[in-house]
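Some structures are shown below for you to check.
One chain, subunit A, appears in both complexes that follow, with subunit B as partner in the first and subunit C in the second.
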Partner chain A sequence: MLKYIVKRLLMLIPVLIGVSIIVFVLLRVFAADPASVVLGEHADAAAMESWRDSQGLNDPIIKQYWDFVTGAVQGDFGESYYTQTSVFTEIMSRFPATIELAIAAIIIASVLGIVIGVITAVKKNTIVDNLGMFVSLIGISVPIFWLGVMLQILFGKTLGWLPIQGASDADILFDKVTGSYFLDSLISGDISNFTNVLWHMILPAFTLAFYTMAIVSRMTRSSMLDTLNQDYIRTARAKGLAEGRVIRHHALRNALMPIVTVIGLQFGSLLGGAVLTETVYGWPGMGKYLVECVQKSDFPVVQSAVLLIAVIFVVLNLLVDLLYAFLDPRIKYGRKEA
Partner chain B sequence: MKKVLCGVVAAMMAVSLMAGCGGSNDSSNKNDSSSQNALSSKNDSSSSSSEKVTSLIYGSGADPRGLDTALVDDNESAKATMQIYECLLKYKDDSTEVEPCLAESWDISEDGLTYTFKLRQGVKFHDGTDFNAEAVKFNVDRQTVNKTDDMPYADFVFGTVSECKVIDDYTVAIVLKQKNTAFLANMAMCFGAPIVSPTACKENGGSLMKNPVGTGPYKFVSWSKDDRVVLEKFEDYWGEKGKCDQIIIKTIPDASAKINALTTGEVDIIDGIDTTMVEQLNADTNVTVDLTDGMNINYMAYNTTRLDKETRVALSQSVNVDELVNSLYDGYASKATTILPTFLPGYSEDVAQVAYDADAAKKTLADKGVTEVKVITYSNDRPYNTATGKTLAEAVIGYFDKVGVKADVSTFDWTTYKDKIIAGDYDICFYGWNGDNGDPDNFLNLLSDDDPSMNVARFNDDKFNEYITTGIATAAGDERNAIYAEAEQYVADEAAWLPISHQQNITACRTNIKGFKYHPTATVYLAKVEKE
Partner chain C sequence: MSYVKQANALAEETVKIEKPESQLKIMWDALKKNKAALFGLIVIFILVFVALFGDLIAPYNATETNMADAKQGMSAEHWFGTDVHGRDIFSRILSGTKYSLLIGIAAVAFSLIIGTVLGSVAGYFGGKIDAVIMRIMDMMLAIPSILLAITLMAAFGQGLDKAIIAIGVVSIPEFARIVRSSIMSAKENDYVAAAKVLGNSNARIIFRHILPNVVSSIVVRATLGISTAILDIAALGFLGLGVKPPTPEWGTMLGDAKSYILSLPHMIIFPGIVISLAVLAFNLFGDGLRDALDPKSRS
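And now, the complex of A and B:
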């Protein structure tokens, strides 16, 4: 098992080299000149040329890439062109907020998605099935920005139940220790800070979860239908097992493999940043920031953030594969088949 | 084990539900109580929990680029920095006329080259450093002799400065290389001109992007990226102290969400409101909408190196600007009769642009055999053009079509668009300008600039350049204003640009907010704003 994990982690290296080369070249070929963005409307051509020189942008692209890679290996990802702050600081001041929103969303999506999927599979071709699939069809079809604004109007404005902007009330202050609003509010020791953050998370987490929930519920339904037709389910029922036990222990566990794969991939996407949800709710995460940096041709940030996202995907895929072994004892990693 | 876990989760949910319900029914109460939480959690030792803390929350469309005014050029940054820093001079509340601030008075030498400022005494920076002539010299030198490439406004504000001399502790003389009547206006600008603490600047390696220290009515507390900047009242401020205890600049990037945040009371003030939202806000009794004239110009520029004067005039004749402005901007922009906004010195109502005459345009263009023009535009909206460059271009080519001219239109995102402007492969482009300092030179010198990204019409005319050279060296007053009025008429006759509109600034605040004004320079000064 350990050998397998190490092998998979070593595969990160060619993935990262490939991703970094692609991003590096694409940015330099297609992105606009960052000098005019950084130096503003009043900069003349000489100032822009001097700035490009100082940033090494006039060097051959191979040298630029080598400088980036050698820096990155030593943990130096450079400075943001636009804010002149270290890229590590810029990303880490936003990434924890993205992680906590993604975790909240994936929990909501997984629980609701699996519950809806199982119920619709068990109650196949009934009104419950149709209703569940109608909800998931809406989840797949509805634009997130529209859903976000509608939920804001309903729960924020009309009903006045939930806050609609940011990760906490604007005038609540607590020290940023981990960068995660959830954890930092707990660390502050004031329960009202924690509940305030939790309350702010409800709408964005639900909005972000809606699409994933729909995917998970459809996948669960289809996988469950397949499993429920298997002989061993019939055997279990014939043995006289309670229907609930048949569904939970025999059908769902066997149906979980594709569901876990989908949840893993969706979680990876959510961790890469949820641009629309973050924009609508003013959530201080990484997705919106990354898009802004692409628009501003802030090369060092984009390169580093994309590498981070690549690492997340590879590691999450590994975790999903490891989960297979946990879910299905027949799967063993690192052993040759007999 | 499972039961224990379930119990813990259930207990946490119950606590959060109870606390959440209690705190979220009334948003104004919620703000007040949480303000107290904020200070009590931060300043346990220094503030009494019985004092009511007023927090003014400003909804801003983007995160600041940084908090060092020498290193930034965006208005989002200025919303925070102009509460923290001050300049030698400041603009009057509703105009671009300057008045004393950190300088109590000033003299201009007879040759117009030396500006001697008498500085205010007893002023301290937020870090305790004394404000004096050495501090001013440090700031001027920082953006002149010690200038670095990443100071976007250094040349604009201090480009004509040759040296800064300390006369005594509270007197400083700034010597110019050439006459520059706009220099005083530059000394009140929100970029470049604000005075930073020399001590803090040196301690932070020459950059105050994250740790701003000025002399202003509010001092910096914290900046949570893409979330909020928090400022608190500076108790040792030399002038009238800030009305609110805290100012919070809250980042809300989505336009609809910003409106919702204002109407639910999560923020007190917002700006940059889309014209389509004004009606909705006007219907809300808890909100006041404010419209102010914008210091900007939205225009169409002809590439004067590719189109001759006769063609330019004919194309201008083909566009019904009145109709265009009325249909595109819902009454929130005024038709531009000149390049200068009406409230700027040098504006003249006697200037006449090329009048709409489609028949004459059709005849001239047919005679000259002009049947196609290459047009480039930008896809997004701009502060001076809320309808987007794409929409504006589509409307204009409709007029061209009516006079027999087909347009080959290419649309680009703003950053790429600027590269295309520099490349110069176009007959017509759309552009605009937000004024920096309220001086007419700031608008009209665009047409004499050597840089094609500024002078997008690539207009190079000796007579016009003479107007600009004379204007900048002439002392403020009627004589100078007459020069700019003449220059305006000259360039209108040459039809280098077709001025289209001046966009209004649309802001809104809760009705319990008093004293808020959006300054013509698109900056906000919040010290006098009260929250009842």
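And now, the complex of A and C:
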């Protein structure tokens, strides 16, 4: 097993090198010259030239890439064109906020998705089933940022129940220790800080969760329908077990494999969705920062952030694969078939 | 009458050769029973109609500003209200249908063609070519799709053609994978071996003998792919990275409305509803197609 994990980890290296090349070439070869964006359109040619020199943009592309990679390996991802601060520090200070939002969303999506999926499967072809599947269909059809805006209008403006911008109220101050607003507000020891953050998190987390919830509920429903038709379910019922127990312990337990896969794979794409959700809600995470930097051609930030997200994405996918082995004893990785 | 003719006539009479039902007919019969898929199909027809004639139906000019009418709510004159520049939102949605639909369909066509060629080559030849192509696909899949699209737009800049390419590139790996696996299983069949023995070229075997057999699964993916593509353009437009304003592309309309979410909510509500409806239609139709093609669900 260990050998297999190491092998899979080693296989990630060429993929990530490829990703870095793709992103680098896109931004350095195809993109417009960032000098006119950074210095303004009316900057004189000499100033632009010396700026390009200072950023190493006049070096051959191979050397630029080599500098980027050798730096990245040592944790130096370069500096922002605008603030001259370390890209790594900038990204890392925002990263926990994105992860906490994604975790909150995946929890909401898994719980609601599995509950909806199980209920619709058990009540197949009833009005409850139709309603549940209709909600899922809406979930995969509505643009999530638009859903976010609709929730802002409904809960923020019309009802006035929930805050719609940021991760906490402006007058709420607490020390940044971990970078996660959830944890930092807890650490601050003031319960009002914590509830304030929690309050701010509800709409963005639900918005981000909605699409995944739809996918999970559809998957759960079809997986449950498969297992509910199995002989061992009939046996369990014949033994006189309570229906609730049959569904929870016999059907759901066996239906869980594909559901776990989907949840794991969705966590990665949540990072993509976070870009949009954070922009809508002004959530101070990496996604919002990335969009801002794309808009002002801050390429060192863009390439590093995309690379970082790719790393998380492939590692997560690997973890999902490995999780299989623990959930399903029939799968043995790295062992030759007898 | 010769014996041979007699025998033939007899044979024809006893063995009434039934023409096999065409794939298309079987599909249509299954699809007809699926109300949701039919609803999707009808909406798609309406969208295509509006895409073709939207400018003619639209009661107002979609791009001309008219400050006297700015920021109006819903009314009999302006069904969906007007935006900050006084443009009728209903007219903009009608006129914008062609852009959103064109980008969606063209992007899928782009990824379909490139993905099919790459997947065919990888699956048919195998070995090193396969390894190289599929590793490149893995690299593209290592970036969440919307993020890759954003990066591509950052590199290419705004524009209709660039949006098509950016969104198209993102789904190349998916098509390549589907085609590759279909080709790999299809090439073991006897008819491929027979075609080879007859001296057909590799390209001819792929395009004439193998691909027609896997076309149904590709069509399903492509239909569902259009809905994803429409969502992706909407996202790019919303972020201000899609088609340049004042083009009434739906996503760009949402992007324009971003600053007026609370003051002029109708600016963002209606384009969003239309996007959702279009995506829903392609999802329903795609699901219906998949069920119609799946012999298991046919009873």
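As a working rule, the second predicted complex is superposed on the first by the 328 of 338 C-alpha atoms of A that agree within 3 Å, B and C clash if a C-alpha of one lies under 4 Å from a C-alpha of the other, contacts with A are read in each partner's own complex, and residues count from 1 in each chain.
One rule holds for everything that comes next: a contact is a pair of C-beta atoms (placed from the backbone, for glycine too) under 8 Å apart; a residue touches a chain by one contact, two chains touch by 3 or more.
The shown structure was predicted, so the numbers you read here are calculated from the model rather than taken from an experiment.
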| said: Just to be sure I read the superposition right, which of the two partners does A:Ser192 touch: subunit B = first, subunit C = second, or both, or neither? | reply: first
(message) For A:Ala32, using the defined touch cut-off, is the partner it touches subunit B, subunit C, both, or neither? Pick first, second, both or neither.
(response) both
Across subunit A, the partner (subunit B or subunit C) reaching more residues is B
Task: Answer with first, second, both or neither: which of subunit B and subunit C does A:Ser297 touch in the superposed model?
output: both
Next on the checklist: For A:Ser50 in the superposed arrangement: first (subunit B), second (subunit C), both or neither?
Outcome noted: first
Have a look at where A:Gly156 lands relative to subunit B and subunit C in the superposition and call it first, second, both or neither.
-> both
**Prompt:** For A:Leu265, is the partner it touches subunit B (first), subunit C (second), both, or none of the two (neither)?
**Reply:** neither
### Message
Looking at A:Gly285, would you say it contacts subunit B, subunit C, both, or neither? Reply first, second, both or neither.
### Response
first
- First (subunit B), second (subunit C), both or neither: which does A:Val275 touch? second
In the overlay, answer first, second, both or neither for which of subunit B and subunit C A:Val135 touches.
-> neither
Both partners, subunit B and subunit C, contact subunit A at residues 32, 145, 149, 152-153, 156-157, 279, 295, 297
Within the complex, subunit C is touched by subunit A residues 14-16, 18-19, 22-23, 26-27, 30-32, 137-138, 140-143, 145-146, 149-150, 152-153, 156-157, 268-269, 271-273, 275-276, 279, 290-291, 294-295, 297, 302, 306, 309-310, 313-314
Contacts from subunit C onto subunit A in the complex sit at residues 135-136, 138-140, 142-147, 150-157, 227, 231, 234-235, 238-241, 254, 261-262, 265, 268-269, 272, 275-276, 279-280, 283-284
Subunit A residues touching subunit B in their complex are 32-33, 36-45, 47, 50-51, 54, 82-85, 90, 93-94, 145, 148-149, 152-153, 156-157, 160-167, 169-174, 176, 188, 190-196, 198-199, 279-282, 284-285, 288-289, 292, 295-297
In their shared complex, subunit A is touched by residues of subunit B numbered 15-16, 19-20, 23-27, 30-31, 34-35, 37-39, 41-42, 53, 55, 57, 59, 62, 65-66, 71, 73, 149-150, 152-153, 155-156, 207, 209-210, 221-222, 224-228, 230, 246, 248, 250-254, 256-257, 260-261, 263-264, 266-267, 413, 415-416, 418-419, 450-451, 453-454
